[in-house]
Amino acid sequence: MSNIVGLCGSLRKGSFNRKLLNEAVRLYGRCDYAEILLDLPLYNGDRETEQGRPKEVEDLAAAIKSADAVIVTSPEYNKGISGVLKNALDWISRVPGNVWKDKPVTILSATGGRTGGETAQYMLRHCLTPFGVRVLTSPVVCIASASEQFDQNDHLLSDRYISSVEKLMHNLAQEIELKQLHPAKE
Amino acid sequence: MSNIVGLCGSLRKGSFNRKLLNEAVRLYGRCDYAEILLDLPLYNGDRETEQGRPKEVEDLAAAIKSADAVIVTSPEYNKGISGVLKNALDWISRVPGNVWKDKPVTILSATGGRTGGETAQYMLRHCLTPFGVRVLTSPVVCIASASEQFDQNDHLLSDRYISSVEKLMHNLAQEIELKQLHPAKE
Amino acid sequence: MSNIVGLCGSLRKGSFNRKLLNEAVRLYGRCDYAEILLDLPLYNGDRETEQGRPKEVEDLAAAIKSADAVIVTSPEYNKGISGVLKNALDWISRVPGNVWKDKPVTILSATGGRTGGETAQYMLRHCLTPFGVRVLTSPVVCIASASEQFDQNDHLLSDRYISSVEKLMHNLAQEIELKQLHPAKE
Amino acid sequence: MSNIVGLCGSLRKGSFNRKLLNEAVRLYGRCDYAEILLDLPLYNGDRETEQGRPKEVEDLAAAIKSADAVIVTSPEYNKGISGVLKNALDWISRVPGNVWKDKPVTILSATGGRTGGETAQYMLRHCLTPFGVRVLTSPVVCIASASEQFDQNDHLLSDRYISSVEKLMHNLAQEIELKQLHPAKE
């Protein structure tokens, strides 16, 4: 059974991107899942030198390392990813050994506006590049007008969006399987 | 006398980007200057709803609003700007009235590597775009091999870099003057 | 009377972005205007060495140089600007003296889809940065569902879009005036 | 034996990026290789409607489709990819069926300056995203000071660069093998 970690760029409990993350996991199907909240201290090199990395960072890195795949959802703040999410990436990069090299990672986004966070998604792809993760690129899932897209159970309403998320999760499952059959050789 | 605010994307006291910020101010010449430390809480919509914006955010926004110009220096973390800096931009965007619309803003960066943070600088330009600030674009100042570029007094050693920073600061001074002669009409 | 040059990233005669360019000029009001078609040879360093720059490139550069401002409209091809437009920028950069340094430039885009070319616009801002032009950044004009936005006379139908374009053109006029009052000193 | 197609963003015969492309192929080892020159007409929707796609475009698309992998090298023109390369991507996107969906693609760049084209490489990743290709992300190969990096036989001189290219080609070979063992299911 796949072991999946979820990261959400918003700290707001009722965030559309948290709902979207949960929907992605539900539509993935049976898996072992945990969201790791990105409520970390701001990265500060002095703090790192004096006190080491915070336990939350080590836990986050360990969870990513042992996961089969990571699903990241991202709000769009001022046409970019959130500082919350970038700060988490900054910390992860400080943990020795690049914990998610070659890891299958998929990205989804939801926004109140008409673009569904497309521009932020491109920034997120950019920001993930130095980690050498395997970002799944299709289909693109950008949920627009997010306030109208979830029902009372926080399930997606639109067949089109559901179908896109399902397809993306199907591709993620394939990628995980491939990775398990043929782990990267050094 | 110009009133200038400095923002540094690194929280580390001895950061090259803090040194660079200080050098930019020194080479600007006589001005009223304050750096505002970006040591803010992570942006969290629930927190904002329940407790309002933190005092540090209001202070930061007020300082920017009353400044004639803002100088931003940015490290490059994983080929992007720091989460620290993006988080500050996220908070600033929450303060009503867009406090730095049309404000002259200039960007510089320093990194240990060979590119001087060029890629992060492009991301920073992108991230500043929604604010409608006036980003000064030339000359580009990307300090490479930063560990070898500052003397014991934290002054830049290279004539070429000094000359670039001086030119950029000269352009900033011109832009401030222009803005004062002709404030934007609504 | 302002002297304005228009560039369109699409070569298609009936392109939405050509219509948008014409609308921008109409809503600018009285001005001396010419569109320069970007139907240039592909940039080729060998050709440049052997035959020099083509006459069309010299004409384009001269038109930009003598203009008070440049309006660029861009389609979005595969989430970026067109090769047509990038190729024109490549050629312009080969003409000595940076013909549009400090020139006021404004960007608009139109696409058939829901985002109006926002992602391509960010790429265009990036691509204009090395030229040190003064890109006007607000308001952002991204015309979505472009096939429904123009009437039989190729005028914009939506009051909201018309108002955005008018505001942008108003800001452009202000920028031109400012530039004329205070030409950049070297 | 792998069937590899090479694309170079420069049309100049002696381009550093063409040398780099050839070196990548040499260091890949035994393979069936062809470079397709990107000397295409500028994309023009009217021309496409009236005359259809040019034969060179169809040939390019067919070569990509039947290849096991594509190697792209890109110069950096004004901090972006060349118009030549973007124009080729624009044409490829017009050929029905997305000819390089899921295709292993790798990127390298060389420039005369100190960054080796890093910023252009990020733009190229962005531009390849809509095609859903599998871009190999590590190691990053950005050849700086390119005029000093090739010997009389156009071979790379630096052991460090050779080793990076070899590693990247090794990873590409692995990816091709993986793809052949497990072709994507629809």
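Couple of notes before you dig in:
As written, the chain order gives the labels A, B, C and D, with residue 1 at the start of each chain.
One rule holds for everything that comes next: a residue touches a chain if its C-beta (ideal position, glycine included) is under 8 Å from a C-beta of that chain, and two chains touch if they have at least 3 such contacts.
Note that the structure is predicted; figures quoted are calculated from it, not measured.
Each of A-C and B-C has its own count of C-beta contacts, and the greater count is at B-C.
In the contact between chain C and chain D, the residue numbers used by both copies make up over half of all numbers at that interface.
Relative to chain B, the most remote chain by averaged C-alpha coordinates is D. Our note on geometry: chain B versus chain C, Cα centroid distance of 29 Å, whole angstroms. Each chain gets one centre point, the mean of its Cα atoms, and the points for chain A and chain C are 37 Å apart. Those residues of chain A in touch with two or more other chains are numbered 79, 122, 126, 129. Residue ranges on chain C touching chain A, taken from their complex, read 79, 114-115, 118-119, 122, 144. Residues of chain B touching chain A in their complex: 10-15, 38-40, 42-47, 77-90, 93, 123, 126-127, 129-131. Within the complex formed with chain D, the chain A residues making contact are 101, 122, 125-126, 129, 132-134, 137-138, 174, 178, 181-182, 184-185.
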